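In the two complexes that follow, chain A is the common piece, with chain B as its partner first and chain C second.
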Partner chain A sequence: MTTPAPQSRPPFYRDVRILSWAFQLLVFGLIAAVVYWLFGNFQRNTADSGIPTNFDFLANPASFAIPGADFDSNESVRNAYVVGILNTIRVAVVGIILATILGILIGIGRLSKNWVVRKITTVYVEVLRNLPLLVIMTFTFLGVVLQVLPRIENSWVPLGLLVVSNRGIGVPWYQDASGLSLLLVLFVGFLGWWLIARWRHSVSDRTGEASRASLYGGGFFIAVLVIGWLLLGASYTLPVVDGKQIAGGIRIDPSYFAVLIALVIYTASHIAEIVRGSIQAVPLGQGEAATALALSGFQRMWNVVLPQAMRIAIPPLGNQYLNLIKNSSLGAGFAYFELTNVTQVTVGNGSPAVPAFTLALVFYIVLSLIASSFVNLANRRFKLVER
Partner chain B sequence: MKLRKLLVVLTALTLVLAACTSDDGDTTTTAAAADAADAGGEEMTSLLDEVIARGELKCGTRDALTGFAVLTEEGDHVGFDSDFCRVIAAAVLGDAEAVDHVDLETADRFTALQSGQVDVLSRNTTWTASRDGSEGATFLTVTYYDGQGMMVTADSGYAGIADMDGVIVCVAKGTTTEGNAAAEADRLGLDWEVRPFDDNDLIQEAFGAGQCDGWSADSSALTGIRADQPDGPDSVVILPDVFSKEPLAPLVLDGDTAWAQAVNWAILATITAEEWGITSANVDTFLDSDDSNIRKFLGASFEDSDGNETTLDAGLGLPTDFAYQVIKQVGNYGEIFDRHLAPLGLERGVNALWTDGGLLYSPPYR
Partner chain C sequence: MTTVSVTKPSALTWVRRNLFRTPLDAILTIVFGSLAVYVGIRGLLFVFVNGRWEIISVNLKLLMVGRWPADELIAIAVALVILGLWAGLIAGIIAGRQVRKGTSAIEGMTRLERASDLGRRFGLVIATLLLLLSLTDTSGPWLMVLFTFVGGVVGRLIGGQIGVRSLPSWVSRLGIVVMVVIPVWAYLYMASAVPLADWEGFLFNLSSAAAGVVLSFPLGLLLALGRRSKLKLLKGMSIAYIEAVRGAPLYVLLLLANVSLEFFVPAALAPSKVVRAIVTFTLFTAAYIAEIVRGGLQSVPLGQEEAAKALGLSPTKQMRLIVLPQALRNVIPAQIGQFISLFKDTTLAGLALGILDLLNAAGAITQQSDFRGQGLIIETLVFVGFLFWVGSFTMSRESQRLERKLGVGTR
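Moving on to the complex of A and B:
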């Protein structure tokens, strides 16, 4: 009989720990080598052709003007970027709000008992979800803004309040009020709304009477807007057609309008599907219990089903919001001066391409990270507390 | 058995090490390759010899710019720039049709020249310092002095850009057009909203729908655009103001003087011919002209100081009768202009001969 081999470590080339380390080292080494090689190529080629790779160009005069913004061609490239980022945020924030509202309505409509509503929303979702966004945007710009909206000479002036033309839509606005004071009024209004809603909910929880939070809160919000307007001088300007331009009021840029509409109707089709799926994921018993309590159809949806559905919907909604932010770059093709367009135009006017686009890249990443941290915050706030 | 496995591991380790150090190796090989290419460049024979040996000129052009170069349904290239390709072929090869017209995208044109895909670019390219310096190109005699202009609708009533205050001007993106327009508005104290679009089709839509009051681009390009307007060329007007310098010139690769000179004198011959009033129709009557300078130019024989019949060879590497071939087969500058640009409504303007107050001036051929 032979004695069994003594327990010993295997040789290193059969030791799974060493082998896996060696393999990871190999992969890391290969990636590092490729990156190093590409970066070296980039540096050598840019140095050979005398292309600058630093960010000094930010201080140069932009030498182009931005329509719809208080920005003239003598200001620096840096300021042009600021305008571009603000425009991206402007279209993204408004787009996210509108797309969410429209998406929820259509998502609910998909489950409606009404045959017509169900079919119309189904067609909406199936058509828009299956079209490339660029095609939709080209259509909203060429078809809607340029062809449906009238020329400035024949603009529609409903009730003397609005000026609607294919050079923009003029709406009444505060006169002489700085943006900061407007923001302050809005902030006070929303804060009051939130506090009143909390108070009404606690009253409702204690006494069982209807909370009517939206009624009281919304009323307070409107009251704050009116009082704020009176405090700020009670002045307003109405938009009027002045020659070839819209004077007075505030002008919604036609390209902004086209880009916003396209982003909203496209993203809403995806949000609608998320909302529909989330509603269907809420156990049927919840809705049946609400019906058994004699809640109306609206109460059942608004108070019982939707709150639970939105909890499921938040993470995929966040993805759609990120998509919307990134898709806003398509506005560059339609004269909307968001971040990508500013980058392209400044490169066309002499800024070095690689640093300019690197900057745009970093801004998009930062914007996306901020947006997704908001979504994570909401997710943490609303998810089921598991014990 | 054991030994083989050891070998495998060793090979893997060697690979890792090789990967880590490969960048240095690459640097040296690239540098060596670059040196080799440089050395090759010095020994390279001139493109002139190459083109003559090949019997065909590869000329970089485009396929759809009305007046300058259009590819017809029959497969011919017709236009001002295309004719200058023919001028070069007639001078170098004696046959204006020995041209391979290579259609190039705007973004690819310099690369095509640098990589040797074409011998010469005749593709309405603006001569600027940075292109001269960093694209490795040599610009030759300017064939067309262009400038940025403005097109408006005929019923707008604008007589000049100074009338245009508080208007929207649409331009194509990716060029210096929007910068030029903004600078001009500043200079004149006008309030312009300059909207840049990705391509001319979008501008056409916006302009047609009345979103833009003006369409700004190179005057010559505007002339082509005007001819293609859906409501006919008379529905729009190109204002007389020109507010930038856009000299369009053919270009060849840096560092090949013989080829650059040959191409340059082929183009200059069209200007010289117009100065003397020599056209494709009457060139034969000039062969026995009393003016010996004209006979030298056309490669006809003349009497030298010793009384011998001879012809002038300027040493350009071109046939002595190259100018005759150019004029006979293609025509002088005025003929080329009248054939392609005058029908679009373009005036000679600064592109007239210096004797008529224009900028066209050829050094003497002698």
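Moving on to the complex of A and C:
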């Protein structure tokens, strides 16, 4: 090249910046055209059949009752959605906690030195992981709850504390179970637990004495529960069979039970694999060092290996939690009134389908975003800070 | 692994080490061992003694293909034989190419070892097929499976011959086109015999999962490239689509498709339930495929792209010739995983859209007048669960095998 390159800009049809924007606008225009076409069809078709496309239906009376909730059929659809979301959260939170505990136990079991434990947990994981969740849930609902559990007339009452029947499971509970006072007691308990654990850890870091954070913190938590119960009148009710109903105590709905169990055992099989992989990803030297320090098997797992494994496990665990939240929508097929079921029923009662389901989808996406931001928070908190 | 085994430990030593190492271990062994024995005995009794399996054998056709007209069953048979031939050809070509490259794992095995390898990998599927065949009382299914098997063997032999040769590039390109067209043809051939709207039973679960994964791949690939693109508008749109779909439950999307898809297209196009299910599966799975492909793209070292740039390839050619082949090879196991999960999720279409899929049929047959009110749902669910389990378990093991193989190949 003898002549220096010209300083002027290339013609527009060879200018990368212009070309790339033109390409993007073309793609965007195409997508916009398709969306416009679909939406135009939608407007025309709904107008032809006189179906509303706005959210006015939220103020209409729901005209259906929700079993197990303080909700009567005169209340608005909006309130039905609130009950549905709360029920989704109820099954999701309890499900996530139980699935995590079960999953960690099974994940550890898969690496046990005990042959029987290893084989049983392997069979559990391989069976549950490869079954469709809907098959499992149908089984827990139609198979276990409605067939194995006894009818209400001959319900199973161990020690007079529980009532187990296919109409529900009664559990002893506060007399006046006002949710707010219960939440307050739990909050105080957990706050105390957390503060005591922090204090014990700092003492342990300074002096080197054993922290025993779980012992002190857990003890405080139980003490708060007992004191709270006494302060609230020390009252309790035992569940009893009253004709065709369970009176007293708190009743666990059979649908809730079936959906929860299915979600827990299915998700636990996935969590177990994550936990196993994460434990195997912890360098072997860590466990060997713990053994060399004469820690017991439990101490080695609980204080040395698991904390490091859980750090690796957090992102994939978060995915499983999101799956569990989304999978709770299957409860709609088993008469559990969570968000999807409420939407389905209200659509069946004449609410316009597209806005109603869109609303449900938005709620699910928001729930997922909230859950994943919790997971990200945990991940940032526990991630190894590298130099 | 440095295992220096001097003598094989005696059975007693094994028991002591693996079952009764510590007192806690002994308790675990006894508790869980007796639990396992109890569950195992109950399970065996259920399968061989107590289970009332007439309901399955009477309704086998309904469970497998729904209400597919009996005189059109030949279409399924023809399609299956062709697909058997096709699968055999692919397996043969892959095996032949491995022989040529010297990476074959089965080369050098004796015939017996090869058979036992195949038995370990697919024995469960074969056993399940034989079980299903033993429940039939006509010769049609036997002949169909026999011919499919023969087709597979013939395809494997021919494919093995093709695979070891190096072909001119136009022939291999033509071959690829033919291999892509064959399953599409088989699908359309079956759809021309019986309209898609009437596909039911296990056939629906299998075919719609396959259709969903195949159709969602191009969309997923575009979304993945869009998400990695430097073009901001494209990137933003891809991210919005992927994250919105991944935050939504498939079941709710299916319900939405059930009540609303006809509003979005002209009335003449109003799709059948099966088409609705496949459209939803496609749009849903595309978001997950996009994330899988993105992972694959990230796994290709940057140096590859830089080297391609240094060779003066255009951006399109860099992607098409250098980056994508490596990326897509790495994501095959994850794709199989996605297929398995969609295969399991096809049961949701039965519940959401009222399609008589395998699970729905299993519920429906317990309401037949011969079987109503006998609590046979457990038997039918065990049967349905077993079929799904065999499919997913075999596929997931194959994908693990492939993963190990690919992992070895890249190092």
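By our rule, the second predicted complex is superposed on the first by the 375 of 387 C-alpha atoms of A that agree within 3 Å, B and C clash if a C-alpha of one lies under 4 Å from a C-alpha of the other, contacts with A are read in each partner's own complex, and residues count from 1 in each chain.
One rule holds for everything that comes next: contacts are C-beta pairs under 8 Å (C-beta built on N, C-alpha and C of every residue); 3 or more make two chains touch, one makes a residue touch a chain.
This is a predicted model, so every value here is computed, not measured.
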| item | value |
| --- | --- |
| Partner chain(s) touched by A:S73 [first = chain B, second = chain C, both, neither] | first |
| Partner chain(s) touched by A:G333 [first = chain B, second = chain C, both, neither] | both |
| Chain B versus chain C as contact partner of A:V345, first or second or both or neither | first |
| Which of chain B and chain C A:N45 touches, first, second, both or neither | second |
| Chain B versus chain C as contact partner of A:G160, first or second or both or neither | neither |
| Contacts of A:V354 with chain B and chain C, given as first, second, both or neither | second |
| Partner chain in contact with A:P307 - chain B first, chain C second, else both or neither | neither |
| Touched partner set for A:L142, first chain B, second chain C, both or neither | both |
| Intersection of chain A interface sets (partners chain B, chain C) | 25, 142, 147, 332-333, 344 |
| Chain C residues touching chain A - in the complex, by the definition given at the top | 17-19, 21-22, 25, 28-29, 32-33, 35-36, 230-234, 237, 244, 246-253, 255-256, 259-260, 262-267, 340, 344-345, 347-348, 350-351, 359, 363, 375, 377-378, 381, 384-385, 388-389, 392-393, 396 |
| Chain B-facing residues of chain A, complex | 11, 13-14, 22, 25-26, 29-30, 32-33, 36-37, 40, 44, 49-50, 63-65, 67-68, 72-74, 141-142, 145-147, 151-153, 166-167, 242-245, 254-255, 332-335, 341, 344-345, 348-350 |
| Chain C-touching residues of chain A, taken from the complex the two chains share | 20, 23-25, 27-28, 31, 38-39, 41-42, 45-46, 112-117, 119-120, 126-127, 129-136, 138-139, 142-143, 147, 297, 322, 326-327, 329-330, 332-333, 340, 343-344, 347, 353-354, 357-358, 360-361, 364-365, 368-369 |
| Residue ranges of chain B in contact with chain A within the complex | 2, 5-6, 8-9, 12-13, 15-16, 19-20, 22-23, 26-27, 30, 134, 166-168, 170, 173-176, 178-179, 182-183, 185-186, 192-198, 202, 205-206, 209-211, 213 |
